[in-house]
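Each in structure tokens, the structures are laid out below.
Look at the two complexes coming up: chain A is in both, with chain B in one and chain C in the other.
Let's turn to the complex of A and B:
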């Protein structure tokens, strides 16, 4: 009888541990991923999560963090906000020292708020809204990516300097905060540049079946603009670019990083004169050879190269957090936040990163400029905006 | 003049999509008082059938490579197929259920189709360039119009004429109109209910396939939510057209398309992001003025 009961207990324990294979040992450091492993957000969370795992493995191979191994634990948000909060709680209960949340602010915030409530550090995988951080979650929250506004400002400066563009047409997709952020950055920077004129503006919505009326308005301009600043994202951006090009408008089109990746370019045969900023190149031509080494490692580990630059913030995130932990000598959130906020132009594989006590996000960053010619994307330049985007522009 | 012509074509081509969508919804509503919210997912499904199932970012065309003469009928048949299947597998079993149950069932069905696509293809939009010839511009009265717009409008007119002829000149059409007028009476007079309903689903599904084609040629993108916005507008069009009136649905579809393009043209920049709010405000005005819709069939009135 005694043995049977013990066997049963042992069996139950075995089942529990089988159900949670990633349960950490006491001395391990735990990074909890409350991200989407299914549903709509899965395709967007997965690449950055995989890149984060690569950095974790590297650190472990090098002997760990503070001499301890980093163990990732996962909870699926199922691309659902209510489930997101539960997933956040689940990884915290599994002992997470840091909580990684979904790429998008709206989807990641529930888990981040759970972490905040427990005074744990949370990192958005790739959210590019200022709310993904102190402003929207609290003093323990960070984003691993760069603000959308920086992308718009980068394109304004670069297109003026390098393409010689002086007249711009702004076409804004009002669907998301991300799109609005790109245009906010552009609208802040472009008018400051001498000689630059915005000759027209229009809006559309991402799922508009047709933007014919908007295109007619561009065509009716007395002179075609030197460039079109398009502030849009998948999937509507593809449709917009296709319709603009099909209408015979061949001027340069600028957009944010959201359209990085060559996977969509079949939709616009022989697309040319299309420009975007990227944190690193997935096309094998990054000026830093270590980035290409990362791409190769990513492919070896997960079977395919990163499809866009949105894998990279995951790597940067673990890298920066681990450095801060190393410097603080502890995983204690307050001490690590303090170390993170000391980072000023901290070098990473994908450019320098800065955090301050006001902003846990990048309001200035080095971007590579990718130009698409005849359907082939390639890095043509690198650019860092003259001055950081002021907080009041970001919060407007 | 050129500008007016351009706007007219913009409005007509957008209106065509809405009109075809509204017609698809009105056909089903006519014969079985079902507002089929899965209609938008038939649109996505018929396009995704062209793609090889993969969750990778790149698109692998499955049947997209075939010539247009095969491609177009294929997509339309897929639309008809999924629609007919949903009638046989789901709605036929709910024949005696009340309209609210049917509506919820259609929501559930749409959810199943969408999640099936999500599972097979992931949420990432897929890019594909089919029928690239339609991307050219043609000059009509000085305005440069995308050939696709001309084709969409022309195809819609042909479809509407063919459907009218079918409804007015054939026995099936007569049965369908009779069923739409008064389903119980039609059954008593010997109209075979299941056959008429199945036919309505088939035609409705074909229309969904046609809309899918027009959208994908326009946008170059297949997205699991691609049918959603058209479906929503189409549903509103059937309501303001007068639920049950096929003619009303088509007219209202064109009206909403026209209103949407017109708002985009005339609204000042600051108000343009709220374009849809203005369009729907117009819809509310129409419904306040004629709660039964613009062309409500006589049978739709409450007989109390």
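Let's turn to the complex of A and C:
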């Protein structure tokens, strides 16, 4: 009796151990989303998450990654930092090979730090601060978007070259790091361009009810500037733009990508001469027809077109990570990071992407320039800044 | 001289039972729970430290304070200044004094120093605030919270402004949190049975009679205020070392209202109420969180919508306060009653 039982156990153990590697190979690849499914960050996280799911489905349809299917798992951060850390831990315990965290650095970092502590790769969905990566989390952390400073620098170069602007007025909304980042990029690039002069600067805060004092200072300039660099974001930017236009200042206004999307433009009657950089166009006129195909697919899958360009980084993220996994032949974090860092001008649907061992973010990127005329946004040009923004400028 | 030990002996069961409850939860989670659940328990223990800290002042003086989360903020940032590696500080917190910029201190000494900062702050501000009574005092503490928040949100070179402060070593585990929570309970209990605690409660219940009996209300309030600032500061230290990343808005209105509602639900006038309120609300939050994720009922998964947790917790609090306006514990403490005590005899059915 005793011996038969032992033999049976032995046999079972042998079968299990023989089956183990097979099971491991068959196992799915897990991407863990520790993102906001409720609370105010949901508005930012949801579109990018949906775009990521589309890329995951595409890869699965094509036969998977390393022959394995990608399975997404989710944990809600509730737009709260402590919940975010717990959500990060939850998806890691659910077997996540890569952890996707909230769009914003402040809200994504707790989950990213959890991943970092366990040597897992983390990707910020669309954070545009240099801290969303090596500098603020650690060597396994990346961001799927482009640094805010690149947007400011892009607008400086493009407005000078294409609008012929030589005098700029800088109006900075000091509410968030993102806003400051745009102006940092502009302030770095503009003075380097020959003939460009910044004729005045001012600041305000997003929830200021009135920026009349700032507008008066612009109007009191001996000559109106050729363009206003406005570094602001929702929701305060709408009121700021309306006040500038109501005051009769009709010069071009430049801003960052944060105001992309036509949903707010009704609030400023017949808005014109308003320019923003975007990674891809949601308006149906992207120079690359594949982007419009993506927009259509997005609408079929989720019932509405992407409302702004901030859905796109989610797609880019899965695309790049999957490529790195494919090249490394494993989901092992160290090997995948090495492959990601080898990417130099790696083509994606939304422009080339580069990672280095010093920066897991884009300090140079191709942007489409969207011009708003009579409340109608349309792509008018594409621009890539001459040289990448140096790390010292980003870290200042 | 002979009475002091007798008060101690009579009341010592309360802190022991409360600590035992927390320890039982911690041990159970450590043995059987998952990582995320352990984090929930650590968060609960940090809240115990905070709410017990608030209780030391609010429970004994009867003045509702909206400002104590500000002390948590002071403690958390002080802990960050002391323990972040110098390399990181020199980039992000350049305005710090030299000795902070160039040094990194170990957890325990830094925790003590960081908790002392809010106590010193309370000692300076207290003499002014403690002259006020009733709603005026509450509003003044709220103003203090607003001032702390505004200063910490804008003093960029020292606090990083509204940006996250990162690089704080994440050393808070279940045992450190349990130890600090136990320490907070013991401090609160010792204060409550002290001469000052008794005097302050006398002043709370009958100010004029207390004054007539020689109680210096301002002085007793100040002692409670400083002590509670110290304990709330310790909660901030724990929080900073728990999350590893802090921002000023983590120590503002939301945190204040959560802490106060835990205190009110538990029972504002008793130490047991403060602790039980935290445990009770934390357990409900965890249950709702599980329900949000979905509960397996037969073949189907039943889930409440995301975000329903916040609504449900509000409803639970309303219901409790309708049926138990003085909180779950009312004004009573949990005590170990021996057979000789008349209370047990009273509750026995008469035959």
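Definition applied: the second predicted complex is superposed on the first by the 370 of 396 C-alpha atoms of A that agree within 3 Å, B and C clash if a C-alpha of one lies under 4 Å from a C-alpha of the other, contacts with A are read in each partner's own complex, and residues count from 1 in each chain.
The criterion applied here is as follows: a contact is a pair of C-beta atoms (placed from the backbone, for glycine too) under 8 Å apart; a residue touches a chain by one contact, two chains touch by 3 or more.
Source: prediction; values computed, not measured.
Colleague: Once the two structures are overlaid on chain A, check if chain B and chain C clash or fit side by side.
Modeller: fit
Colleague: Name the contact category of A:82: first (chain B only), second (chain C only), both, or neither.
Modeller: Only chain C; A:82 stays clear of chain B.
Colleague: Considering only the touch criterion stated at the top, classify A:136 as touching first (chain B), second (chain C), both, or neither.
Modeller: In the superposed model, A:136 contacts chain C only, not chain B.
Colleague: Please indicate which partner A:106 is in contact with in the superposed arrangement: first for chain B, second for chain C, both, or neither.
Modeller: second
Colleague: Touching A:307 in the superposition: chain B (first), chain C (second), both, neither?
Modeller: Once the two structures are laid over each other on A, A:307 reaches chain B alone.
Colleague: With the two complexes superposed on chain A, say which partner A:246 touches: chain B (first), chain C (second), both, or neither.
Modeller: The first partner, chain B, only.
Colleague: Comparing chain C with chain B, which touches more residues belonging to chain A?
Modeller: Looking at chain A, the partner in contact with more of its residues is B.
Colleague: After superposition on the shared chain, which partner residues are touched by A:201: those of chain B (first), chain C (second), both, or neither?
Modeller: A:201 sits against chain B, while chain C stays out of touch.
Colleague: If we overlay the two complexes on their shared chain A, which of chain B and chain C does A:39 touch? Say first, second, both or neither.
Modeller: Touch partners of A:39: chain B and chain C.
Colleague: Who does A:93 touch here: chain B (first), chain C (second), both, or neither?
Modeller: A:93 contacts chain C only, not chain B.
Colleague: Between chain B and chain C, what is the shortest CA distance in the superposition, whole Å?
Modeller: 5
Colleague: Using the superposition on chain A as set up above, list the residues of chain A that contact both chain B and chain C.
Modeller: Chain A residues touching both partners: 39.
Colleague: Quick check on the complex: what are the chain A residues that touch chain C?
Modeller: Of all residues in chain A, those touching chain C are 37-39, 76, 78, 81-82, 85-86, 89-90, 92-93, 105-106, 109-110, 113, 117, 131, 136-137, 176-177, 395.
Colleague: Per the contact definition, I'd like the list of chain A residues that touch chain B in the complex.
Modeller: 39-44, 79, 174, 201-205, 207-210, 212-214, 216-217, 219-220, 234-236, 238-239, 242-243, 246-248, 261, 263-269, 304, 307-308
Colleague: Can you check the complex and tell me which residues of chain B touch chain A?
Modeller: 3, 6-7, 9-10, 13-14, 17, 55-59, 118, 122-125, 127-129, 132, 135-137, 144, 146, 148-149, 215, 218-221, 223, 225-226, 228-230, 261, 264-265, 269, 272-273, 275-276
Colleague: Tell me, which parts of chain C touch chain A in their complex?
Modeller: 34-36, 39-40, 43, 91, 162-164, 166, 170, 242-245, 247, 250, 292, 306-307, 309
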